[in-house]
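We call the chains A, B, C and D, going by the order they appear; numbering starts again at 1 in every chain.
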Amino acid sequence: MKATRRDLFKFAAGGATGLLLTPAPWRLVTDAALWSENWPGIPKPVRGELRTRFTHCALCPAGCAVKARCVGDQPISLIGLPGKPLCAFGLMGHQLPYHAGRVRQADADAVRAVIAKRAANETVAVLDLRPGRTASWTYRRAMAALPRGVYLAARSSVPAVNLDAVKIILSLGVPVLDGWGTPSNVQQARSHFRLIQAEPAESRTALLADQWLKIRPGTELELVEALATGRGGAGTGLNEKVIASVANELVQAGALFLAAEESPSVLELNRKLGAVGKTIVAQREAPVPRSWKPAPVTPINSVPERSIGVLLIDESAADSYVPWSKLEGKLAPDALVVTFASSQAGYGRQAKHLLPTAVYPESTGDIPPAIDSPLATFRLTTPLVAPPRGVVNPAQFIGGLAAIDAADALRERAGAIHAAGRGSVCTYADGRSIPVEDIQPDQFWKALNDGACWIDEPGGKLLPPVLRASTPAVVALNWEKRAARGPMPPLVSKLYQESNLRVRI
Amino acid sequence: MLMFGLYSAGLCLVKGLNQTNMDNRFAFGLWIFLDLTVIALGAGAFFTGFLLYILKVKELGAVINSAVVIGLVCYSGAVAALLVDVGQPLRFWFTFWYPNVHSMLTEVTFCITCYLTVLLIEYVPIVLRNRRLRQVPSFLIFEFELHKLVYVLAGVGTFLSFFHQGSLGGLFGVLRGHPFAFREGLAVWPSTFFLFVLSAAAAGPSFILLTTWLVSKISNRQLVRPEVLPLLGRISGMLMIAYVLAKTVDTLIWINHTSPGAGVPAWQYYSWKPFGTWILFAEIVAFGLIPALVLLTPRLRLRSNWLVSAAALTCIGIALNRFVMTLQTLALPTLSFDPFLSYFPSWQETGTFLGVVGFGVLVYSFSFRYLNLFPQERDLEQPEAAPVREPALAGRY
Amino acid sequence: MSARSYGMSIDIDKCTGCGACMVACAVENNVPPAPEGVNERKGITWIRVFRLDNGAEGVDRKWAFLPMLCQQCGENTPCVSVCPQQAVQLDPATGIVGQMPERCLGCRYCMAACPYHARYFNWWDPSWPAGMEKTLNPAVAPRMRGVVEKCNFCHGRWHAAKARAAAQGRRDLDPADYVPACVEACPTSAIRFGDLNDLENAPERGSFRLLEKLGTGPKIYYQTQRDWVREIAAAPGGTERAHG
Amino acid sequence: MFPWNYGFHWGAVSIVFLGAFYCVLTVISTTLILALRRTYRSAAQGRADRIRWRSEFQELAARDRLCRHMLSGEFPYRECRNAFDCRRCEAHARILEKRRPAAVAETEEEVFGMAFPLDRLYHRGHTSVLPQPDGTALVELDELGRRLIGVPDQIALPQPGTRLRANGTGWRIRKREADIRVLAPVDGEVVDVSPARGGCLLVRPAEAAFDHLLTKSEVRPWLLREMERLQLALTAQGAPTLADGGVPVDDILASYPSADWDAVCSRMFLQP
């Protein structure tokens, strides 16, 4: 017994020492370390040839030019052009297709069949949340073709702002410094305009503005009245002195008014202050083919109650929203609501069907001129990555309802622009700017697809915007509102979650 | 409790440290605090050994075994907690492979591992003295021979302990980024280095005193001669008073020179509730000076309840000091625009903590049950029977 | 190549707190989006924009935004000396404090040492939504769980610039060739980057550094014309109007 | 850690630090190796028994280590320093010279009704030695020892020719759970063995010096002491005290079935 036990120990000890002399243990620890270095589940970034491609950011109406660094065909980072930087959200645009709440599958054909059946004898309405696109024109043509088609635009009249001429801005809750205009333009102009923000909430713009008028919620128009007439305004919660001094300032500087909701009185005041025609002008659109027969833009307020049988909402690119409460009343009792979106966040909650759409930078389309560009522009956003199977192109879908083939709409319009022969096209790859007449149509089209922007020539006087009846759209969303309503790239967690730079609403 | 501890630790190892409530500001939490405290309390092992084998204070032979076991328990517990605490436990050996000799943590790691081995070796004879094991002659002889060499180990242990106890203090003393903890010092070591050595040496005997008292209460047996505990108390008291004095001087220098030098007036630290100046007072006076004085007053020292409570106060004082050094340091903001943070350990952390404690208790009680931790115990058994008379031949002597 | 000392000068008054730098940084350096339930205390943002306010209430309240990143301390760098295994090193050639994640033990001692809280620990396994890993930057390796990481002035870009310089037979790299992602992305060009030894990058007069008195020699300089901002930013040790 | 590791640079600090580290390592390892070598050496020299006795003697409670001369009242208090081996004890030698021959000419002590014939010498491990005319000596358990064990379950006697060492293992007895090593009273060589009466050996002593064993007048006080210890051991087992004055029954175990006999015997046969 004793002997064996001792032998056992001897053996163990000898074995241990022997093992230490063999490379085995060292090898083992080294391997352990290596394993801990490429921990399971850590993706290996794909290497490959680096390429640069250009497109336009479709996240907001600013439509900034984008320079994409790609490995093969996969963009790995986006950046603006020199002097035309992107905002935080534009920088992560290439990751938008991977956002968590994305809807990918739906039975488009079934939905199409249902709509087609009802379209025969019911009112079909399209709600366009980003008017002025070629897609918008497709909708208008389709609605014109349908027996009882109605085209609803979130914003009826789209005024443009001539920032260069602006000396002072009084903004009624417009996020001037947070997702309103083209970041670079606003940034450059910021040095020469004074910003007065009238807003109940403590928004970023309010706190970065030169002056913040903390008014009571819903008293924007009262403030306008008070400024216009010099009377009243007690309801806003501001004292008369403040209002008087502001009014005084405005009169002297010939200020510009911006309103979150379009209203006649605001435009009226702008006109009174001489802003209209100088700093606030009519939005100009790029030429469209004469063959296109559009339906008129129907203001939502003038739609009869409970008349809409089928409501199609294009959320694939949304700059402004019509509150659901305003839409609800217009719907017939058994109305069919279909929304084209990539996530449930927006109207998806109320719609019966949600048809998944491609998101930037998968989608193909054009971006209407930015609010701060008085000149007409034409810019394409071209897919940097291929859209997943099963996504629907809203323009082609709705065009299809009226037997309109919208597949080539963009190209047709580009043709029309080229035919008009005005303006010039500046290509981003080489930064050159060529007059349209010096270049062939197909070169023009190719240039636009490789990242170029057509800009109308400055000539011609700036027309005052046509005033239409007010529409209840909520325009000019700041990024917090966008984040709440629409899809956002996963990395927004850096801004909203991992730091308290921004506050999710 | 042990199971729960293992489960929590397992969670932290498998799922990662997101299980804890630590964060980027509170990079250290309950565990580091635990380690520092436990190691300070475990200092009894080296200090008793030092006194007994190097300075030949024979009376301490009564508690040396118990001291060694306590030391072993504390250190192994601390190392276990550390292994859970680091993000990549598989890489523990990197510290030995690529040591950055300027880092206090390197020093700590090296010393603690060495000292743990020393403690293990010192523990071997105690184990081998078990009656059953002693039946094996080779064990018997080995124990005997090893015991003759134990003073060498005691010497090494003292050396190692001195350095890692100090380095543990250094850990925070060198944090230039935290004016609250940063101290200038002698040579390469900040003053906290020496303060920690002193405080650990002071706390060690107190903790042994405490455990001995506790064990004898629980087992209601008399384990050591009555004069031993007061002796421990006296040693602890003398060191404690020295520590308190040193600490006071250091604090004054810090308040008037070091901290303003870093651009922060010292009052600012204490403007953050709940860490008012009371914590400074508690640390130095309530849990420092008072027990020291009690332990140094012979009359009080001989009253066991005074003695024990003073020892307890000392231990609490040291724990408080470690708490201040670890958690308060991290809680205080350094930049003007970062907030004062508070931190509360998650149940996984607490579980691991309890697990370590449970492990300690288990090992100690097993050792107490099967090994002879208190050699004097046999001598102190009181015969309950009446002295034997011998009726037949009574009055013969 | 002559020894450089790269640094930044940040104009607080220009910063609008848009967060472009934070996003660009995360994109460039393959920092994953946060898992559920992560807050600003456990998140990973190599550069983080802090929000200061002047403490006033209502309409008088003003904001300032202060981008905070690793300050690349040049003198007795707190994190370098404490790392037990040389996972943090100050590169004498560039003055950049480098972090080696594959060497890091995850003891977080460096985080405790950093007065700027500019170091971040991987509390979670890095994970990207399905498909998003395709968008990772091949120049930077993602970090594993349980290690510390921080800003290194886009080291990948520095290597690339060196490679280009070498390819063109230049010994020195062209300043325009090496620009960190945050600098490139800043819409208001509030962040300037360069070799502090060069005259054009030398910090302007009146610019200050954070916690200068600690004597860690940070290489990030800040400017502001607003007194309250300077007062808050320059003051060490936390104030009541802390805004995390 | 090693000069060839990445990131290693020679510097005062690293040299000092690593130097210290390696010193510590060497010290620890040499200590261990030394201990092991000595272990093997002493094991080879078969000094196990001596060492065991030494360490066990240290383990004995102080009151079990009393000097025989204290028992016989020549010292007020004195603990034995030579592990009950009076042959090297100069104090013992001195006392023997001073001591006048014992007046009492009794042939037998009778303690608690146990007979301890004085023609033999007693070892404190409860063995007795009866020198034989032919120079050998008869070694067996004494009365108390025998009564403690009663009828042994099993006896392991050494082979004739085995060398015994004083205070080393004489023979082993199993009784109930108790495994008792009976300490050999003398150095010598076993000539003959018999299992009778709890085992007895015929031993040829190495030298005929028996003065480390108890004789004549020392026997009674020692035995009284032993009875005390026995009682203490029994009471420690929670057994009722010895029937006062009553002569212990023949088989003490039988009368204390509950007692942990291992503990009692180990106490009485001096093996903690």
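Heads up, the rule we're going with is that a contact is a pair of C-beta atoms (placed from the backbone, for glycine too) under 8 Å apart; a residue touches a chain by one contact, two chains touch by 3 or more.
Here the structure is a predicted model, which is why all the values come from computation and not from measurement.
**Q** Which chains sit in contact with both members of the pair chain A and chain B?
**A** Shared contacts of chain A and chain B: C.
**Q** Out of B-D and B-C, which chain pair has the most contact pairs?
**A** B-C is joined by more C-beta pairs in contact.
**Q** Counting in whole Å, what is the centre-to-centre distance of chain B and chain C, each centre being its mean C-alpha position?
**A** Centre separation, chain B to chain C: 40 Å.
**Q** Cα centroid separation between chain C and chain D, in whole Å?
**A** Chain C and chain D have C-alpha centres separated by 76 Å.
**Q** List the centre-to-centre spacing of chain A and chain D in whole Å, with centres computed as mean CA coordinates.
**A** Centres of chain A and chain D (C-alpha means) sit 97 Å apart.
**Q** Going through chain D residue by residue, note those that touch at least 2 other chains and give them in order.
**A** Expected reply: 7.
**Q** Considering chain B alone, which of its residues make contact with at least two other chains?
**A** Only 88, 91, 94, 97-99, 102, 106, 137-138 qualify.
**Q** Which residues belonging to chain C are in contact with no fewer than two other chains?
**A** Each of 42-43, 86, 125, 144-145, 243-244 in chain C touches at least two other chains.
**Q** Name, in rising order, each residue of chain B that touches chain D in their complex.
**A** Going through chain B, the ones touching chain D are 96-99, 101-102, 106-107, 110, 114, 117-118, 121, 129, 131, 134, 137-138, 140-146, 149, 152-153, 156, 159-160, 188, 372, 375, 378-379, 381, 383-393, 396-397.
**Q** Hey, which residues of chain A end up touching chain B in the complex?
**A** Spelled out, the residues of chain A in touch with chain B are 2, 5-6, 29, 32-33, 35-36.
**Q** Can you list the chain A residues touching chain C in their complex?
**A** 36-39, 41-43, 45-48, 71, 74-80, 85-89, 91-92, 94-95, 97-100, 177-178, 183-184, 187, 202, 204, 207-208, 211-214, 490-495, 497-502
**Q** So in the complex, which bits of chain C are touching chain B?
**A** For chain C paired with chain B, touching residues are 35, 41-43, 50, 52, 66, 68, 76, 78, 81-86, 103-109, 111-117, 119-125, 144-148, 210-216, 232-239, 241-244.
**Q** Applying the document's contact rule, which stretches of chain C touch chain A when the two form their complex?
**A** 16-20, 22-24, 26-28, 30-31, 33-34, 38-40, 42-45, 48-49, 51, 53, 58-59, 61-63, 65, 102, 125-138, 140-142, 144-145, 181, 184-188, 243-244
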